[in-house]
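Here the chain labels run A, B, C and D in written order, and each chain numbers its own residues starting at 1.
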Amino acid sequence: MSTGWTREQMAARAAQDIPDGSYVNLGIGIPELVAKFVPEGREFIYHTENGMLGMGPPPADDERDLDLMNAGKKYVTALPGASYFHHADSFSMIRGGHIDVCVLGTMQVSANGDIANWSTGAPDAIPAVGGAMDLVQGVKNIFVITQHTTRDGEPKLIEKCAYPLTGVGVVSRIFTDLAVVDITPKGFQVVELAPGIGFDEVQQKTGTAILPPT
Amino acid sequence: MINKTCPTVAEAVADIPDGATVMVGGFGASGSPIELLHALIDHGARELTVINNNTGNGEVGLAALIGNGQVRKMICSFPRSSQSKVFPKLYREGKIELEIVPQGTLAERIRVAGAGIPAFYTPTTVGTVLAEGKEVREFDGRQYVLEPWLKADFALIKCEVADRLGNLTYNKTARNFSPLMCMAATTTIVQARKLVARGGIDPESVITPGIFVNRIVEVSEPVHEDTLIAAERSYP
Amino acid sequence: MSTGWTREQMAARAAQDIPDGSYVNLGIGIPELVAKFVPEGREFIYHTENGMLGMGPPPADDERDLDLMNAGKKYVTALPGASYFHHADSFSMIRGGHIDVCVLGTMQVSANGDIANWSTGAPDAIPAVGGAMDLVQGVKNIFVITQHTTRDGEPKLIEKCAYPLTGVGVVSRIFTDLAVVDITPKGFQVVELAPGIGFDEVQQKTGTAILPPT
Amino acid sequence: MINKTCPTVAEAVADIPDGATVMVGGFGASGSPIELLHALIDHGARELTVINNNTGNGEVGLAALIGNGQVRKMICSFPRSSQSKVFPKLYREGKIELEIVPQGTLAERIRVAGAGIPAFYTPTTVGTVLAEGKEVREFDGRQYVLEPWLKADFALIKCEVADRLGNLTYNKTARNFSPLMCMAATTTIVQARKLVARGGIDPESVITPGIFVNRIVEVSEPVHEDTLIAAERSYP
């Protein structure tokens, strides 16, 4: 079996589906890599929910500004044309449908677009939701980047999420190491297979029925 | 490359269709986007619903748009003033509709429309005729009225400085409703007194972040409603 | 009969009851005169609902800034330490109880503190409410300055307002040409009589029972 | 004369009683009012309910306040992070309460508390466990959850520049929740890196107008949480 797309390739593939001029919010982890793969000729403006539009790449260690962080609490920079605002304005952008694309990691996605990425629901877990529930409800297009299965080989694309939901019916497209998958009225639909990956492998590693590429 | 600039006010308003809901920034004369309003008169869209705090003054700007028969309904807090003649006449003749909204409720209804909040409770109007027919509910022993969001298809806005990304600053009390309307309209069209290079506005001082703006036209020497009225001008 | 307080004296008397450091919103008409009579040693900060704190007096004609107006659409100035903000923030100050005192004119006030100052309810009147309903509900202390009677001699302090209400039970104190009157659980209560004015005259010109000074 | 300045952080927090609800500005380390938090530790008020996006890091600032046993309950969106140890330990031991609020709902609940709006509808949490027990209502064919305002007795805020009237500016993303908390608290206490004369802040660039501020202490060289953690510092 092929290994499919790497983390970087998944991010690069997702970046291809973001139109020029989009306002984009990137989740922590693989989604952050999307910023490295902006297609030639396109410009994205990055939103970070702690209060900035126009976020730039991380600074050199000796150029850090301790008051300039992103939502993952990492030091970042501000590009020309950036703006700062308070949290209510920042989440107005999110909740009000002004952000075009949000790229998130996830634990599980269901065939109807439910997403579970904030809690395993384990009794001893400390719940921590942050801005995830606001993002999935408010942003126009919710993209998910995730390995097709867990490290233990369990499917992450399933009929119904077992973990507590972050949002109901909100995901539009999923980028895994094996395929690009859309949420359609008929459920999961493969849009594109990673090079060397066959549809049968994708179906086998998906927890429910998935439609082949048309 | 993101470039929201538009060469002329005529092009900026060219796709506003008949029947559109249009927010117009400004409080009385301050902040009124006269050039965009006159372009909308030239463009000729009719049956408009217009949201503004007032109804214009004299026979220019918003008053001229109303006088030209393009407005079916006004949503505002204060439709009359010492120099407003056009609206009162049409209203008394039954030729224009009016929805009165208290000023603070108007501002918040516009803000929440931009913030994805469909409704909120406010103490304003409790016990008055303006609360009639509305849901009243008690919180912490006090009564409040439920008010819905107020959205628009377009917003016509005047600002002081803009960059090509749509970041805006305003001048003094000309700010008023404009930053809220930028949030609440599907398409926000801005006339800027000065267009500067990207990075030309301090990120700490941006009042309207570019995400809320769609089109920017530089109008470097905007006319002021009060000046036109003093000169007894009319439009067209 | 005496003439009681002049417009200026009514405004000056109202100013005496505004504590040092208050945030104050002044309505159009006689209330505007309050700004001329700030008692020695006190500082008030004026709010205008179209988006400024720190409003100063009107400018000379040749020093007008066309973008610097007050809520009455008159040209004003900004004092050092002023700030500009949008309408939602401005009415958050009002509705959120941050303004200490609002001084309003009125058409009628009732014995339980109802105020009617926005519409006569006449069929041919064009309704226009502006910020009046927000102010009376939100500001901590609602002061009213008004002549005790209309030009026709009709009482303006009455048992129940005949005109459409602006707010219910919101007025705390009334400054008329004849007296300072509080709204109490027992109704109107004269706190102070204008020089040369007798209580009997005040009662006679009031549309309902009014309690004498204690 | 209005003068909201206060000579020391100790005096600024001296009247915070046991059982108070205290909002603390900052998002993670940025904007955290470390000096005011340490003054509150010295002051010793207990049984506090604290509202912040997080629960502090390391053993300084908010984490130290929690570690010192002064906090009965935390209201926040994200109580754990790579460097937060104090809260998770106490929480697992059942020694501190937790109310989880999504970040945008937290921000808006604080804002509306300052704006006199007791409740609003939001799409956030619809269909999730965090909506359980809450009113759900449909507007325009979509479901929304009713959320109440969130007020506080005190707010502890860090800003960049202040004047004696309480006008404030912030530095970059250290702004975050602070302007909202200034609105929502009965008494807002601010530590400013720089105190300037009245008129020293451009009226166009004031982020928090002075009406929302009660006390200002100049702390001209504030320590930063990340710097203290890197140095493995603890407080007291």
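Please note the rule applied: a residue touches a chain if its C-beta (ideal position, glycine included) is under 8 Å from a C-beta of that chain, and two chains touch if they have at least 3 such contacts.
Small disclaimer: the values here were computed from a predicted structure and weren't measured.
Check every other chain and keep only those touching both subunit B and subunit C; list them.
Touches both subunit B and subunit C: D.
When A-B is set beside A-D, which has more C-beta pairs in contact?
A-D
Between subunit A and subunit C, what is the separation of their C-alpha centroids in Å?
That pair's centroid distance is 55 Å.
Approximately how many whole Å separate the CA-defined centres of subunit C and subunit D?
A distance of 36 Å separates the two centres.
When the C-alpha atoms of subunit A and subunit D are each averaged to a single point, how far apart are the two points in Å?
That gives a centre separation of 29 Å.
Taking each residue of subunit D in turn, which ones touch at least two of the other chains?
108, 111, 115-117, 122-123, 170-172, 203-204, 207
If a residue has to touch 2 or more other chains to count, which residues of subunit A qualify?
Residues 52, 78, 84-85, 88, 91, 94-95, 137-138 of subunit A each touch two or more of the other chains.
Using the definition of touching given at the top, classify the network of chains in this structure as line, ring, star, complete or other.
Shape = other; not a path, cycle, star or full graph.
Which pairs of chains touch one another in this structure?
A-B, A-D, B-C, B-D, C-D
Sort out for me which residues of subunit A touch subunit D in the complex.
Against subunit D, subunit A makes touches at 48-52, 65-71, 73, 78, 84-88, 90-91, 94-95, 114, 124, 126-134, 137-138, 164-168.
Note which residues of subunit D are touching subunit A in the complex, please.
Within the complex, subunit D contacts subunit A at residues 27-31, 53, 77-81, 88, 91-92, 98, 100, 102-108, 110-111, 122-130, 170-180, 207, 224, 226-227.
Please name which positions on subunit B make contact with subunit A in the complex.
On the subunit B side, the touching residues are 1-2, 111, 113-117, 163-165, 167, 183, 198-199, 201, 203-204, 206, 209-212.
Subunit B touches which residues of subunit D in the complex?
108, 112, 115-123, 139-140, 142, 144, 148, 169-172, 202-205, 207
Can you name the residues of subunit C that touch subunit D in the complex?
The contact residues of subunit C facing subunit D are 20-21, 23, 43, 45, 47, 52-54, 78, 80-85, 88-89, 91-99, 137-138.
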